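In order of appearance the chains are A, B, C and D, and numbering begins at 1 in each one.
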Amino acid sequence: MASKTPVGFIGLGNMGNPMAKNLVKHGYPVIVYDVFPEACKDFQDLGAQVTESPADVAERADRIITMLPSSPHAKEVYTGANGILKKVKKGSLLIDSSTIDPVVSKELAKAAENTGAVFMDAPVSGGVGAALAGNLTFMVGGVEQEFNAAKELLTCMGSNVIYCGEVGTGQAAKICNNMLLAISMIGTAEAMNLGIRLGLDPKLLAKILNMSSGRCWSSDTYNPVPGVMEGVPSANNYQGGFGTTLMAKDLGLAQISATNTKTPVPLGSQAHQIYRMMCAKGYALKDFSAVFQFLREEESL
Amino acid sequence: MASKTPVGFIGLGNMGNPMAKNLVKHGYPVIVYDVFPEACKDFQDLGAQVTESPADVAERADRIITMLPSSPHAKEVYTGANGILKKVKKGSLLIDSSTIDPVVSKELAKAAENTGAVFMDAPVSGGVGAALAGNLTFMVGGVEQEFNAAKELLTCMGSNVIYCGEVGTGQAAKICNNMLLAISMIGTAEAMNLGIRLGLDPKLLAKILNMSSGRCWSSDTYNPVPGVMEGVPSANNYQGGFGTTLMAKDLGLAQISATNTKTPVPLGSQAHQIYRMMCAKGYALKDFSAVFQFLREEESL
Amino acid sequence: MASKTPVGFIGLGNMGNPMAKNLVKHGYPVIVYDVFPEACKDFQDLGAQVTESPADVAERADRIITMLPSSPHAKEVYTGANGILKKVKKGSLLIDSSTIDPVVSKELAKAAENTGAVFMDAPVSGGVGAALAGNLTFMVGGVEQEFNAAKELLTCMGSNVIYCGEVGTGQAAKICNNMLLAISMIGTAEAMNLGIRLGLDPKLLAKILNMSSGRCWSSDTYNPVPGVMEGVPSANNYQGGFGTTLMAKDLGLAQISATNTKTPVPLGSQAHQIYRMMCAKGYALKDFSAVFQFLREEESL
Amino acid sequence: MASKTPVGFIGLGNMGNPMAKNLVKHGYPVIVYDVFPEACKDFQDLGAQVTESPADVAERADRIITMLPSSPHAKEVYTGANGILKKVKKGSLLIDSSTIDPVVSKELAKAAENTGAVFMDAPVSGGVGAALAGNLTFMVGGVEQEFNAAKELLTCMGSNVIYCGEVGTGQAAKICNNMLLAISMIGTAEAMNLGIRLGLDPKLLAKILNMSSGRCWSSDTYNPVPGVMEGVPSANNYQGGFGTTLMAKDLGLAQISATNTKTPVPLGSQAHQIYRMMCAKGYALKDFSAVFQFLREEESL
């Protein structure tokens, strides 16, 4: 364990914090940075080095993981005035676990390549709970011969590490999955609501769907109708889970990718609009399965 | 076996023909009618009684199954000038396996009740193959105490017979399932197409979706992308399966039910429009998973 | 004036009341019926005959106008147990100004024809204000040779009386206009909202649209953005005008007509869903231009 | 006239060519550049200076107009290795008439400001015909005190020059107008198609819409139904006019702006998808009013 070389970690938010701690648990010395200094406090207590900038991290570690909220943050952390690429060492391995536009991932990979470093995108699926438990899924894009090096670190934080192809395909896989998830969740909410109004018992309807061709993860594992399943956000007033605002963000990325590639996504774009409207109607922090409640509300007239 | 009383069967099309034959195989004498006399030929050869009208069937059998293409046909067969209700015997059991508007099912049930007969709606899922093999699923709505009597007959033709609730709920269950199916099929086609254009291998993407929250029947059992699975319509130029025009019809029923109950179905109505456009663009007779091909076509510019 | 023969009027609600009064002003003796007896009070005071049923009206008048809220009401008034057709005289002229499914108009026309009467559909555009002022627009469908007889009465209540074609085309014209209106109103709201968020002044943006190809009645005559125009519902907290719930009803009729004729209406069906959602979110009684407010709400996060 | 100082013009395509010629007609010496040297031929014959790069143009002219197909082209022309900003003189006026993402306009304005130059966005409405006739409409964003200097040049090419606000608002105005245009064009096509299928004469229906609340530029000036109007693309097999592929591009920009500002645009995004699908179905080069034809096609079944 003592021989492990340090790993940089930038972005210590709700997800980054438990991810970095899992690296520590696996014996890696970590060198951390966050734009909010207080986010580093936990790690100082754990004996980690706390630095002043992404460039500082790059000076001291040749393997760095970043976990950031959006494309502009990722650009700043990599290519900004005090960014990683200002001081990155040749041969360094840079792994970005943010969910961002795959076009930006490719730009960052190119910029990294110009400095002699290797950049891989490795967005995650699974939320804070999975980050704490160390069983995230990582979808990894980048040069295949570097995949094993990345996997060594990522398996400390996740139970599934999947190689998807060239740089950007990790993001692509995540975006496509979440777009389909949003569509089938809204579809489940519509079908359950229509069935209830036509006189069906919700538990019975869910059972019928789940043994038929309407079956999907949203109907059989994460049903959005209160009373149908236990242990899911719909059983707990849509608290916890995957927030509507995060789903809206991912659908925005899907929309931008579809626009850039001239791909028609009629239901994906409509799902985006629905989650956008929900954010504006007070659902931003509720689980995305609350679309059932959003569509369910009765006309009071 | 010899003691079995005759069963009437009206509507001997692609589905009705094998369904009625399965009744014969189970030892029921059948009394048949179809608006096209040649459709009765098979049954004449099997020794069945062929009649001149639905009313004739009702005169000779007190259990009747109907399998018709749409609401107007069902109205005509039950309440027309030579319809079943003109000569139905008190206490008769009338089972309609057509897929029609649940409002019409309720009207027919009321009209039947006025003559002292019992009407149940029992639409099927599963196509011609399941009808031949006798493993259809029946979703049954109607008075609960008559369910066992209906089930006795329906189990000759199907492997699943589910009681859904009062009259019309069989239709409701079918409509809701097929609406969700259409939505998740289009969603799967969009997600697969977007992923491919973003550089992902289709088999790998399907695998990732199927182990993630995007998983659905359309992705894991009936994938619409040629080359991903074998034995599905997408592997056979979208021949066989469930035709786009039939899906468009079911989505029209869902739309009418949603309009009547003031239920918002934003993705369901968009799915309806997409299948409607496909019908007009030459896809009417292809399997409904051909939406992948419809969305896939490249701009030639 | 004294020689004018009486005219029947059935349905004395918000619209029917002022319409019937305009007939009285033009010297026609009226014979009235409404399902709520108190609605007839005004007319008793004016010396009109008040009757007990639609059939009674038909016994005493050979020209009858009906103004009813929906298809089932119209069916009941014409073909119910005490309906017009029970006692209608041969050669009577029946004019239905309700907004209903054109399929129902055709059914009623056929039923009237069987009794030797003539039925025309003549839905109106213009709201309560236009009904009071006697400047409604009537869109009339039916046998062309009866149009002048209908026009004689309708010009007492409206300033435009347009012959549209065979029975049902009056409804068709109204439904098509209102569907396009709903689409362009939502489009105007989206464009104004997007422009404002991109930094444009709303009045300036409206001016640019109105001199450009985005110009429409919703942008130049009934702008949905508060502060852009005076004398419109958006200047008065969306009070008055054409209620969201009425627009949702008309879009439901458009949807049913489109489904019946297999016509793709992707934006029309989406507009229907949006107005349906607005009804469920407290906008039912606000003017339909309140869609700007519905889409405008900011995310509070 | 002789005293006029030269004006640079970069981008001599279908639109740029006649625009630059109108500057010449008004007596301005022009200094031109295009990535395709043959595009400069016309101007060489007219005695204009032809240069080797945008930087060359910037060295010789302190007023420059650019007319480019998309955001990446604009970035390259302004900030590329041989871009304008490499050699621009302090105080130069840079006017970009391309239709691009307003975010990119703002980035270019900032980059120009860093070199001491002023950047304005001035996209046009009106097509090749208006460019030839010199009656384009310019929507201008940028520092207000520079507007008159810009207007002096733009009035040589257009009949309307509108100041919209800070940098990017010219793009915003254009994007919003075109989004509303696309929505009302599709809405008009849907309403006309539905009306025709319900039995209305198309000319009569157009007349009714145009005197009612459904009226819009697409119905009264550019009706998409063949036979309703003369002198519009629908009267000429949808040739000429504004191509479907260009509309799809503008709707993509609207979509990106809406995503960036978290603005719900449910019909705008659906219009984008419809024009995207049309491009893939052979309509790319037809006028955008061909959506009527696209939706009109009958089911052959």
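Keep this in mind: contacts are C-beta pairs under 8 Å (C-beta built on N, C-alpha and C of every residue); 3 or more make two chains touch, one makes a residue touch a chain.
Because the structure is a prediction, the values reported are computed rather than measured.
K.L.:
Higher C-beta contact count, A-D or B-D?
P.N.:
By the number of C-beta pairs in contact, the winner is A-D.
K.L.:
Rounded to the nearest whole Å, what is the centre-to-centre distance of subunit A and subunit D, using the mean of the C-alpha atoms as each centre?
P.N.:
Computed from C-alpha means, the inter-chain centre distance equals 37 Å.
K.L.:
So how far apart, in whole Å, are subunit B and subunit D when each is placed at the average of its C-alpha atoms?
P.N.:
50
K.L.:
Counting only residues that touch at least 2 other chains, which ones in subunit C make the list?
P.N.:
In subunit C, residues 262-266, 270, 277, 279-280, 295, 299 touch at least two other chains, as defined above.
K.L.:
Chains as vertices, touching pairs as edges: which of line, ring, star, complete or other describes this one?
P.N.:
Shape of the chain contacts: complete, all pairs touching.
K.L.:
So in the complex, the part of subunit D that touches subunit A is made up of which residues?
P.N.:
248, 252, 255-256, 259, 262-266, 269-270, 272-273, 276-277, 279-280
K.L.:
Quick one: which bits of subunit D touch subunit B in the complex? Just the residue numbers, please.
P.N.:
245, 270, 277, 279-282, 284-285, 295, 297-301
K.L.:
Which of the residues in subunit A come into contact with subunit B in the complex?
P.N.:
102, 125, 137, 139, 160, 162, 164-166, 168-169, 172-173, 175-181, 183-184, 186-188, 190-195, 197-201, 204-205, 208-209, 211-219, 221-222, 254, 257-258, 261-268, 270-271, 274, 295, 299
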